[in-house]
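First the structure, which I've put down as structure tokens, then a few questions once you've had a look.
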Amino acid sequence: SYAKIDHHRGLRQGYPEVIYCEGKSIEHIKGIVKKMLERNSNILATRANKEVYEALKDTTEDIEYNEMARIIMIRKNEIKKSKSKILVVTGGTSDIPVAEEAAITAEFLGNTVEKLYDVGVAGIHRLLSHRKNLDEANVIIVVAGMEGALASVVGGLVDKPVIAVPTSVGYGANFNGLAALLAMLNSCASGVSVVNINNGFGAGYFASTIIKQIDKIK
Amino acid sequence: SYAKIDHHRGLRQGYPEVIYCEGKSIEHIKGIVKKMLERNSNILATRANKEVYEALKDTTEDIEYNEMARIIMIRKNEIKKSKSKILVVTGGTSDIPVAEEAAITAEFLGNTVEKLYDVGVAGIHRLLSHRKNLDEANVIIVVAGMEGALASVVGGLVDKPVIAVPTSVGYGANFNGLAALLAMLNSCASGVSVVNINNGFGAGYFASTIIKQIDKIK
Amino acid sequence: SYAKIDHHRGLRQGYPEVIYCEGKSIEHIKGIVKKMLERNSNILATRANKEVYEALKDTTEDIEYNEMARIIMIRKNEIKKSKSKILVVTGGTSDIPVAEEAAITAEFLGNTVEKLYDVGVAGIHRLLSHRKNLDEANVIIVVAGMEGALASVVGGLVDKPVIAVPTSVGYGANFNGLAALLAMLNSCASGVSVVNINNGFGAGYFASTIIKQIDKIK
Amino acid sequence: SYAKIDHHRGLRQGYPEVIYCEGKSIEHIKGIVKKMLERNSNILATRANKEVYEALKDTTEDIEYNEMARIIMIRKNEIKKSKSKILVVTGGTSDIPVAEEAAITAEFLGNTVEKLYDVGVAGIHRLLSHRKNLDEANVIIVVAGMEGALASVVGGLVDKPVIAVPTSVGYGANFNGLAALLAMLNSCASGVSVVNINNGFGAGYFASTIIKQIDKIK
Amino acid sequence: SYAKIDHHRGLRQGYPEVIYCEGKSIEHIKGIVKKMLERNSNILATRANKEVYEALKDTTEDIEYNEMARIIMIRKNEIKKSKSKILVVTGGTSDIPVAEEAAITAEFLGNTVEKLYDVGVAGIHRLLSHRKNLDEANVIIVVAGMEGALASVVGGLVDKPVIAVPTSVGYGANFNGLAALLAMLNSCASGVSVVNINNGFGAGYFASTIIKQIDKIK
Amino acid sequence: SYAKIDHHRGLRQGYPEVIYCEGKSIEHIKGIVKKMLERNSNILATRANKEVYEALKDTTEDIEYNEMARIIMIRKNEIKKSKSKILVVTGGTSDIPVAEEAAITAEFLGNTVEKLYDVGVAGIHRLLSHRKNLDEANVIIVVAGMEGALASVVGGLVDKPVIAVPTSVGYGANFNGLAALLAMLNSCASGVSVVNINNGFGAGYFASTIIKQIDKIK
Amino acid sequence: SYAKIDHHRGLRQGYPEVIYCEGKSIEHIKGIVKKMLERNSNILATRANKEVYEALKDTTEDIEYNEMARIIMIRKNEIKKSKSKILVVTGGTSDIPVAEEAAITAEFLGNTVEKLYDVGVAGIHRLLSHRKNLDEANVIIVVAGMEGALASVVGGLVDKPVIAVPTSVGYGANFNGLAALLAMLNSCASGVSVVNINNGFGAGYFASTIIKQIDKIK
Amino acid sequence: SYAKIDHHRGLRQGYPEVIYCEGKSIEHIKGIVKKMLERNSNILATRANKEVYEALKDTTEDIEYNEMARIIMIRKNEIKKSKSKILVVTGGTSDIPVAEEAAITAEFLGNTVEKLYDVGVAGIHRLLSHRKNLDEANVIIVVAGMEGALASVVGGLVDKPVIAVPTSVGYGANFNGLAALLAMLNSCASGVSVVNINNGFGAGYFASTIIKQIDKIK
């Protein structure tokens, strides 16, 4: 009664089941996972703290936890690797947890993912010396906190979709990621769209819908 | 001295020159257009009011003005039509100016565009009875004001990239589009990314970078 | 001296005494309950954590605690069941605590309550396949977090009062429920009014004032 | 193509067609009205300035304009009067345009409406000496700007649904109605729900859904 | 070096020394108190938690701690009682800690203080039946959270200075006292001025400057 | 019907009738004034533009308009001068309209008012060389825009009530007076209370309630 | 009486008199200028529209108006040129009015100023190909709207003071310059400080205080 | 892979390596420090809690921790003392941690630093009696919370660069430093620029870039 699992989504969208764990009781999460397992789906549980993992880890085999990204993965079916490629870029080291959430989500959804971390605009040569990584990707996810300027700089260098993820890295007038969010929404570079603050999952998922369009038509 | 035209962008990104007219003096705009015309580029001037068009219209042939979308188009080179398709959807009639900015931008950048207007969630059967339009598109742009719920509903129905454009349609606690912006950033449907309030241009441009990835690989 | 109990409300409004526990010392809460018990009223204590319940549970019989809803109920007089019906709907599983606060409040005030949980717009078929529940209700309470789009969708499907309760489920640009609050206030569907973020109590109470109007006239 | 008229609403909800005029071109509004008139519906056009009325007034007979409320009414079918009653209350004289929008909407939807204007809390005896009006209503709409305290005071005096409409009357830290909106959402009186700032239409409509529930069951 | 004690204030303003403890290390607080004690001043330390008191209590005799108000008082000189009177009123029981901070501050500054707690507008008869208290005061401090309507109601009933103190009592769209703060700043009753959220100290101090003007001239 | 004049206020509070003109139709204002004139009251109409004055000026003799302060005064009864004194201080020349609203209001309510304009903290010697003015006043109104620092500096120099009026003078991150409002609410000087942005009327009125307390007791 | 001219500033700070025209009546501005001219000072009047200039232009010779920068300059004494150099950089063409306000202010205060306009991060090669300009400056003023990323990029390239001026160029979630302001305050590059939105004057003035320190010591 | 150390900065800017510790895992911080030590750089780690220090303290000699400022210093090369001088001023004792972050950063970058603490405007004579300190400095950093008025007062007294650091000292409508931030951005004194709330590091670093310009030219 507390959950109506949307199996249509799996069918409809060709994706695994996804559970957003924040704000759910462990009991509820467990119940949802069990019901999903009846259909043998792959399951991705995001925003899962260690306690959630402890409660779930004996429910099934093929379960894995990535603590930095706060993601639980249950693999019941093989996951393919896309031909097209997603590049995940971060401004700093502190943005990595969100970047990992994006990367793991994208991989779990069947995509080939590369990473280029800590190339923020305070030392822009770090980015410029990695042009090749930018050129080889089909979609780029830029994860940056503080003033989020990296999204604009990357957006100005390439002619491919750039998905910007503001992070809450920073303090004071950063307002928990608002500064980067507004910056990214107002990017003077044009091919940039934005997801919610710290929403690595959303960026990975959105990138994945693009890759599916690219790969399916070939 | 007042403008360093970014011809690299044309080369680098395979796109026309773009001018953002708001806040520029007519004299400056005219100067920029003239310098661009020396290289025979196609030119898209956004946020252009009628006065700007009046000042420009004798500068060149092949110039056209769309008043609703506030866009000036100068076509010096033929524009192709992509195989893949962008669908532009609006919640209401009041959102059409922003939707047209998106549609015209995307077409000017060489894309095939379809439109489905006034299918907001207050009468959701209007959207549900147009499933086919959703199914045939490769990328969907959802333009909606007030509470912006349409982006979530569309996002939940398809497994393709949905670009959400909040509009400033509404009043009071709408705060000039903030309500729809926040709603779209927090969409419970996953394949949704967001551009700035009323940024039809940005949505059309971003959609276009996706279509280029799809079509080029084929 | 620290509390002037408003017995008029019981008389005036035909309702039980209500205590809002947040920010009150346990000693004060205890004193208030004792004074109320002198008049043998039913008592509803909201936002009560376990510690409050522990302190109160030996004060009287007929006391019950619902931990998920953080509500203490003291039943000194029988509670009737209204003929007319309130339906409580949620977008997701995480919204249930607020929904339960609404449902329990409404029941404690003498209303018949039904529940339809986890039917958010990310998988809209879940809602559409429960049309009957919507049709049978006299008043509908919609509890939703993230972008709160469910209120608009329900509002567009029915011609009865829809009371929207934004929840703080979400993160980042959700701003602890602000996104859903603004969305609901700007609903493009017309028969929707709104209460405070997470205010399940207020929704249950307001719904109850409507049911009283319906049932009394019959 | 610019409008998909939601005739279902009329059927589904038993209500007239409604047009929100702000942000629509006069041409679009005219087209929408003509399409609606084909089905001989009653039509309510809100947020309509004089220019809109001038453009419409020769389209049909039975058309009327209320300038203060900025409402156009087209009456093609007789409108009944409900047995149950809505009372519209304002804090001050400046709130009257919004109150009139609520009252006219409610009347156009078939309700009996009474009015009690300029009884704000700065001189609370004005309200207290009108207790009888409060007692005779089934639903009360409270329209107030500045700090919106009137909603709480009315909410504390009655045991019926109170619909609060914040207005943008005020200046400075009023932030165009935000002060009253927040006050009303946080009302310490319980039977209060809220609609958007200046949303007289929404309050009248919502009140009407309640009256329909009351009167239909009898 | 970490503090330049403003002994001028004592002289200049005829008041005790005041220390604001939040954000100061215990070591710093201790040092400040010691330096003040050299001049044998009365000392009021606000926002002091228990730990601060523990650290100070052996520094001097005549020290007292009020935990609810989080105030430490050190009395080295006798404190007089003003002829004129301050009344402290609260909307609810949860506002009492802030009210006590105001009352204790005012008393420590030599004023006669009365209290009228829990007379909020949800049951307005509680206030109206205490008219006499209002009439006998020279200055009234109104402490209220949630929507802060009480300040306006009191302001409308009297012709004396009303000092409004918004509290952070509430949740959701209360935004930690912002709702009450805005309401009070926008009061439709005229003789109302406002201090910071939860600033009981400021209200007590400001009231005291008024009383000094009244009593000194007599 | 559009106005319930609060004659009690005159009686109750010993003050003239006050009309807040913003947002009222000229017709309504005229009606209100006429009704008030029946009782031969003094009338103060605030926020009155020239058009309002033109409409009123033939209604009665003894009418006067101050355009800078946007105030209309109708004097039917003699106005006394208090013994105690109010000083109105401004930070800059741009703050004068608000200061004049305060001064005129206070004078119209029977107070002796002095002025000290353009003594902001950017050149603090201008204030310090006017210590005498500060010392002779019983109540000080500080009107300041931009960062509103003047209120704190004055508050630190005196031991009398300081009423701070933030103005909307400034731009950018001033947010129409929000910067000064927040600064004044957070003043590190203690005897400071605050009224709404640009609310000269409120400051003059509040100061007047203090003066009445001082003078009546003598 | 409406202005206390701060001649100390000229003496104290070695600078011309400065008038902020916004919000002052023309009569007041004229009076202030006349009083200043008695001391034969250079005068800079900022935020002056054409009407102000028209009113002043016959008051004195040596008066000049820059319409784009909205500045009036009155030169009574020769202005020297500093050895050290200020570079003013803009992101786009639309930022030029603010940049000119900064440049003109700095020049009027005796500084050598160079300009590098329209080198925003959307085409970063435009900036990188002007490294020499950056290297030759002693202080750099970066003027940028939209997301204000240019300040961070410049800040990362140099080891000299970078003064960031956010402009209100942009729309929607730009919130009139808030996006750029927050971005600049949160710059991940370290040598960056910030002035108010559109405050070209402040940036020019602040840069000037630095140049004075550099040049005086030599 | 998790960090691309920007050794260019050291070379390019003549500064030590800097690590921002907040939001980085201890493992990452350790790895970064080790990689930096390979080049024998001086290292400054800001926002480092005790746990970080414990983890690092055995990695190298010459390591020191300042707990109040939350800074770790690793000195591998001698640090010079500038001829020109930075003065760090605070409003109160509670602002000292931020001031120390500024002072230590500036010293670590090779500057001569003096301090003047607790001279806020509530007792302005404390500042005025230290004119000499102001006069001897080349750059002044003003650290202040609450309403941040001190920056304006200092800015009005001197003709040298004033760097304002708002702190989060305060509560309620202080909004964690927003009040002081806005005040400082809107300072009516001209030579003031601003860094992020609590950003002592940024102020120290920015001041240092100025000192380098002064001292290098000599």
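Observations on the model:
Read from first to last, the chains carry the letters A, B, C, D, E, F, G and H; within each, the first residue is number 1.
What we mean here is this: contacts are C-beta pairs under 8 Å (C-beta built on N, C-alpha and C of every residue); 3 or more make two chains touch, one makes a residue touch a chain.
Bear in mind that the values here come from a model prediction, so they are computed numbers and not experimental data.
In this entry, A-G is the pair from B-D, A-G or F-G that repeats the interface of D-E, since more than half of their contact pairs coincide by residue number. By count of C-beta pairs in contact, A-G exceeds the other of the chain pairs A-C and A-G. Between the Cα centres of chain A and chain F there is a gap of 56 Å.
Distance between chain A and chain D, defined via averaged C-alpha coordinates, is recorded as 45 Å.
Averaged C-alpha coordinates give centres for chain A and chain B that are 26 Å from one another.
In chain H, the residues touching two or more other chains are 9, 92, 122-123, 157, 172-174, 178, 181, 185-186, 190, 196-197.
Every residue of chain H that touches chain E in the complex is listed here, in rising order: 68, 92-94, 96, 115, 117-119, 122-123, 125-126, 145, 169, 171-174. Of all residues in chain G, those touching chain H in their complex are 12-15, 18, 84, 138-139, 156-163, 181, 185-186, 190-196, 201-203, 205-206, 208-210, 212-214, 217-218. Note for the complex: chain H touches chain F at residues 91-92, 120-124, 146-149, 152-153, 155-157, 170, 172-175, 178-180, 182-190. Residue ranges of chain H in contact with chain A, taken from their complex: 1-4, 6, 8-9, 20, 22-25, 28, 32, 47, 166, 168, 176-178, 181, 196-199.
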